[in-house]
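Below are two complexes that have chain A in common, paired first with chain B and then with chain C.
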Partner chain A sequence: MEARRKFSVKAFIKANGVPIMFFILCGLGVLASGKPIGFLMQEAIGRMARNSFLVLSLVVPIVAGLGLNFAIVLGAMAGQAGLIAVAAAKIRGLMGLFTAILVAFPLALLLGWTAGTIMNKAKGREMIAGMILGFFMNGVYMLVFLFGAGTVLPIKDPAMILPQGYGLRNTVDLQVIKWSLDNLLKVRIGPVSLPLATFAASALLSWGIVKLFSTKLGQDMRAVGQDLRIAEVAGIKVDRTRMIAMLLSTVLGSIGQIIFLQNIGTLNVYDSHGQTATFAIAALLVGGATVTKATVGQALLGTFMFHLLFIVSPYAGQNLLGSAMVGEYFRAFIAYAVIAFSLALHSLQRSRMAVRR
Partner chain B sequence: MSAKERVLKTVSDLGLPRLTVILFLIALFVLGAVRGVPVVDLISNSIGRFAMNAMLTLSMVPAIQCGIGPNFGLPVGIIAGLLGLVISMEFGLTGFTGLFTAMALGILLGVVFGVLYGHLLNRVKGQEMMVGTYVGFAIVSGMCMFWLLMPFKNPRLIWTLGGEGLRVTISLSDFFSNVLDNLLAIRVGTFRFPTGLVLFIAAVAVLYRLFEYSRLGTAMDLAGQNEQFARAAGISVEKMRVAGTALSTAMGALGIVLYAQSYGFVQLYTAPLMMAFPAVAAVLIGGATPRTASISNAIIGTLMFQTLLAITVPVTQSVIGGDISEIVRLIVSNGMVIYALTRGQGGGNNGS
Partner chain C sequence: MKLFFRLAVCLILVSALLAGCSKPAEPQTPDPSQSTTPTFKIGIMTGTVSQGEDEYRAAEQVKAKYGDRIVHVTYPDNFMQEQETTISLLTGLASDPDVKAIVVCQAVPGTAAAIDKIRETRDDIIFVVVVPHEDVKLMESKADIMFETDNLARGRTIVQLAKELGATHFLHYSFPRHMSMELLAQRRQIMEDTCKELGIEFVFVTAPDPMGPDGIPGAQKFILEDVPRQVAQYGKDICVFSTNCGMQEPLIKAALQEGAIFAEQCCPSPTHGYPNALGLDVGGIAGDMPKILAAIEETIVESGGSGRFATWPVPINMVFLRAGVELAIQAVEGEIQLTDEAAVKAALEAEAGVTMQLSKYSEDGNFWLAVMDSVIFGK
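Right after this comes the complex of A and B.
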């Protein structure tokens, strides 16, 4: 009995190595930062509210076998296009938020279709294709908003357009929809205020994802994710299923970016989407997800821990090494390293399995 | 073969993206000439940028040949080269002494890093590009802390007042900026040809061609072309992949030293983060695929890609009055990579 118990503890640690390591890292970071827990919780909860939707939008493609969706940037771009439209038309509050989602929707579908088509042609290298596609679309995005805004797109507001008469300025003020979701239902518990409406959106999405996987479509996705060939033989339309997963992820990503930016309050037109994929993916992996397995719980846990570490590392760097910059470089390093580690681990396990076969 | 068939064959051999780049280049040159942009300057500028970047692109060739695909982990080599540069500068070495010390240190560290990195890539077959990209990102951001915390003392390298660690950009003008460029350089009016650097790159290219005919070179190529066949011929595929990766990483280190001496500045911290992508794009534009590459692919590709970037700025500036070079760079280079990734099936390890 004792031996069996010991074995299971070992197995638990082995199966959850990344989250456990991160939990310890977070704990040390919190101690080293020397900040009161209340302050840290407030910050972490605020960041969790605005980021968890984006992280959750990565779950479906992983289950469908497309790996970590680096093309989520495309969804973010669609969301930002929606926000730019709302800011130009000056539609306020919740109405503005929904208009932004509505404008972003067809764009996200189009971009998601592009990503899906490319990934179906690049099976086995979906992740690198998705990442490069993100860079490529960033070029298109810049072309549209640097040269299209004010010429083709009817944006006239001099606060948004560069002095030359066309092209969007670097920052767009999102005052019209700032905190429209966060402030809808805010509850204070001690020193911490909870934006319940924003959490409700994430909760709704979590519920939706869980429900999806109990439907026929969700089961198909699982089958495709486990083995393409077997799914094909079983009569599942593989390419179509993968395409649906990409469309879903991109549309959800656009909504996620809108939720994220309604909290931030300003849009850095050419910059806000730059790190979206890296940070969302790193957060998901921190929660214990892998290239082939992800759950809603891992997404939420990962978002919380990743962002807690994000908050404490500059303070910890300041206290331990006398430099806040070290902490900032450290958190960028952690984000990249956790992705590199997970990718390597995944390929390692797969090649071991291939040898066993 | 009729003329029409010949044209069609050329088009399909070149591939649509490559043809687009060529046509775009021609159009830009014509447009520039019509708009009165000094064509001599354009050519001089293109050659300068070509020489600056050629070695970084050449480093892709051994990587592709040994079977790891385009080396997205190029920053590993770049970091080695940067370490060589700052160590050489820390000792206050100038002129050719400084440059060659930086090169030697960079190549040495590049081989060491490359062997380690090659062993990692052997364990992640089939995902080398993705793992390489993020290993590169992680090393660059990890090194940011190193640049900040290491006790460098030379006042020309560190912030004099109020800052901590090495400077973000260090000028090479007191050390060895342009020493190789200016060696035997040809100057006619505004036209400038960096003879020394071009000769150096040509020498490396010739050496590499000779290496390709050597036992190791052919074995490495075979390992990349067909693993099973190579194994049957008694070649250790794993060893060849490590050798190719180490060679690529060392060439990347050499590449950044040449780049810095030509540019006149050493850029630390996050500057190397995205440097793999233009090199990957250039070799693909030159006609390489993720499975096959040659020295000429790298040379032609760099020439085309850098010429495109060099002439986009002045020409589009004169036509529409705005700078679209960044946009052209993003669309052309990444478009090329996507095209290469979506064509044909890659290694036998793909798919689940």
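Right after this comes the complex of A and C.
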């Protein structure tokens, strides 16, 4: 036992290199930013509230062996379609939010099924397949809203349609559902206001994911994630399990995007989804997740630290280097270097594990 | 253990970087001459020099003028993907209760959301928005005042200027990709109509698309070869114009060599095309428009182009930003209303040094479209 504990300190650092590194960077960044802690907390909590659901929706496919789900963009697109529908129909408040989720649901199922089918045909190359699928669907999405809106889709509101009579404007105001979830239950603690309802949604999802992994289906996913062949031999329907994981992830992703955008309050029709996958995945990696292993705790911790660093690094750069512009370059350098670092570290750990085996 | 060692090395490197970098920031002490002025601050957000040098330099000039009363941040280079960063930078500016106005130039996506978020807790902040990227109608409802170049009106003013410079023909270089853009196509039509009105012959020439197989060098080569041909056909009193930024440099060069007329670039500014076409080194005078103008004028007069070349005296976004800051200060001090057209015009013209034509985008909004008067070299 003694020997094991001694070993575990080293192993702890080894296993958690990325989060530890990030924690230190965040700490240094907070000190160097010179911003009041209240402001930083408010910003971090705001970004945590709007992002954690999206990041959590990535956990299931990782456990099921599908790797980092770049196809989450598909879910985001479905969510945005729901939001556009609600904005066009002017359904207000929580009712609007739920309607958006309802509209997005079948779309997300369809897109998730497409993604799942392709993933099942591209075993071992899921991540790149998902990424390319995202690019492809982006084209379809653009086609639908640039030419379909106002012609096939009955959107008439001149505030949403381009002057030419068809095609959506590049920005849609989401005033109708803006902050509908955030303001449902808001508690102020000092300078920080907590959108409890939004956090409750993430908490519910976290609980759901944890519960899922204790069911038969969850165990199947784990088995499939660990080894496809062994799972198959054990009588698990591998393709079906993977499909369910994809469907879950895509549907959750669509809800995540709706929660994200109800907080932002405006929808950039043609590029809001562009940022979804990369940043959600980076946040998850920062929390210490890997391509093959992810937990709810890692997702939440990663979201917090990743976004905290994004908040402090422009100010830190500006304070340390004395120029607004160099501050931005510093921020981009730190933020993206750390993502690259975490990916490199993971592959390092993986190859070491492989050697040990 | 190896990993731990690496982590430690990284940590040491980062802390060394931080420690080493923290010193140069010290000299930014407040200008003593400014210490008696009022205490409120103005926040400015621009791009970095890689996104738009003019705007960044204008912000630096304003910062040099007002010292610590200006808080300058830059939006991400990757602004389409990092809207959350734009939002948190703007809310960061507003988290300082002394900041009473924010000037955003250019207003990249995320600005609308940031304004809403800031207005939730603070209703005393004035937003000056320059070049809105998000939907104009939406932005108009959120900003206190907005500015943008009136590119359609330029369809008239450029041709009128060409006439003033003595043109009998007006040559418009473009290519299908640009002509399928609604605004550029409309402007071409306006140019053609204005030419008819003024008795100028309108000539349209299709140039190779710089995005095409021959790239920018191919398009530039075409311009250098084609201008002499057109001058041979129509005579020297032909005004050349192109819709593409990359073509300005060869266009100016060829026009000067052939004795043609050049009224305005696609994006009028002393720094656009002129310095390179004339072989001027503006390294030491970056951002100092009067000096750059003087250097251009000298070279053009020497080469015999007097009275046949023109441009706007200052990049218009620089004018918008500097005037925006002045207007914001006056509005916070209660001296003017931002809806007062005379005050807006006065502030813009004070910064531009020439007269400006303003028009409103919509009657009930406060979105100003502007066109500047030109400076004619050697006149």
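Just so we're on the same page, the second predicted complex is superposed on the first by the 316 of 357 C-alpha atoms of A that agree within 3 Å, B and C clash if a C-alpha of one lies under 4 Å from a C-alpha of the other, contacts with A are read in each partner's own complex, and residues count from 1 in each chain.
The criterion applied here is as follows: a contact is a pair of C-beta atoms (placed from the backbone, for glycine too) under 8 Å apart; a residue touches a chain by one contact, two chains touch by 3 or more.
In this text the structure is predicted, and so the values were computed from the model without any measurement.
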item: Touching partner for A:L102 - first (chain B), second (chain C), both, neither; value: neither
item: First, second, both or neither for A:A332, with chain B first and chain C second; value: both
item: Which superposed partner A:L321 touches (first chain B, second chain C, both, neither); value: both
item: Partner chain in contact with A:G139 - chain B first, chain C second, else both or neither; value: first
item: Partner chain(s) touched by A:V152 [first = chain B, second = chain C, both, neither]; value: neither
item: Which of chain B and chain C A:L228 touches, first, second, both or neither; value: first
item: First, second, both or neither for A:L204, with chain B first and chain C second; value: neither
item: Residues of chain A at both interfaces, chain B in one complex, chain C in the other; value: 164, 321, 325, 329, 332, 348
item: Chain A-facing residues of chain B, complex; value: 72, 120, 123-127, 129-131, 133-135, 137-138, 141-142, 144-145, 148-149, 164, 277, 320-322, 324, 326-331, 334-335, 337-338, 341-342, 345-346, 349-352
item: Residues on chain A engaged by chain C in the complex (per definition of touch); value: 10, 13-14, 17, 20-21, 24-25, 28, 32, 35-36, 39, 43, 47, 159, 164, 169-173, 178, 264-266, 268, 271-272, 274-275, 278, 307, 310-311, 314-315, 318-322, 324-325, 327-329, 331-332, 345, 348-349
item: Complex interface listing, chain A residues touching chain B; value: 65, 118, 121-125, 127-129, 131-133, 135-136, 138-140, 142-143, 146-147, 164, 167, 226-228, 321, 323, 325-326, 329-330, 332-333, 335-337, 339-340, 343-344, 346-348, 350-351, 354
item: Chain A-facing residues of chain C, complex; value: 1, 3-4, 7, 10-11, 14-15, 18, 21-22, 24-25, 27-28, 46, 48-49, 56, 59, 72-78, 80-85, 87-89, 91-92, 95, 109, 112-113, 116-117, 134-135, 137-138, 182
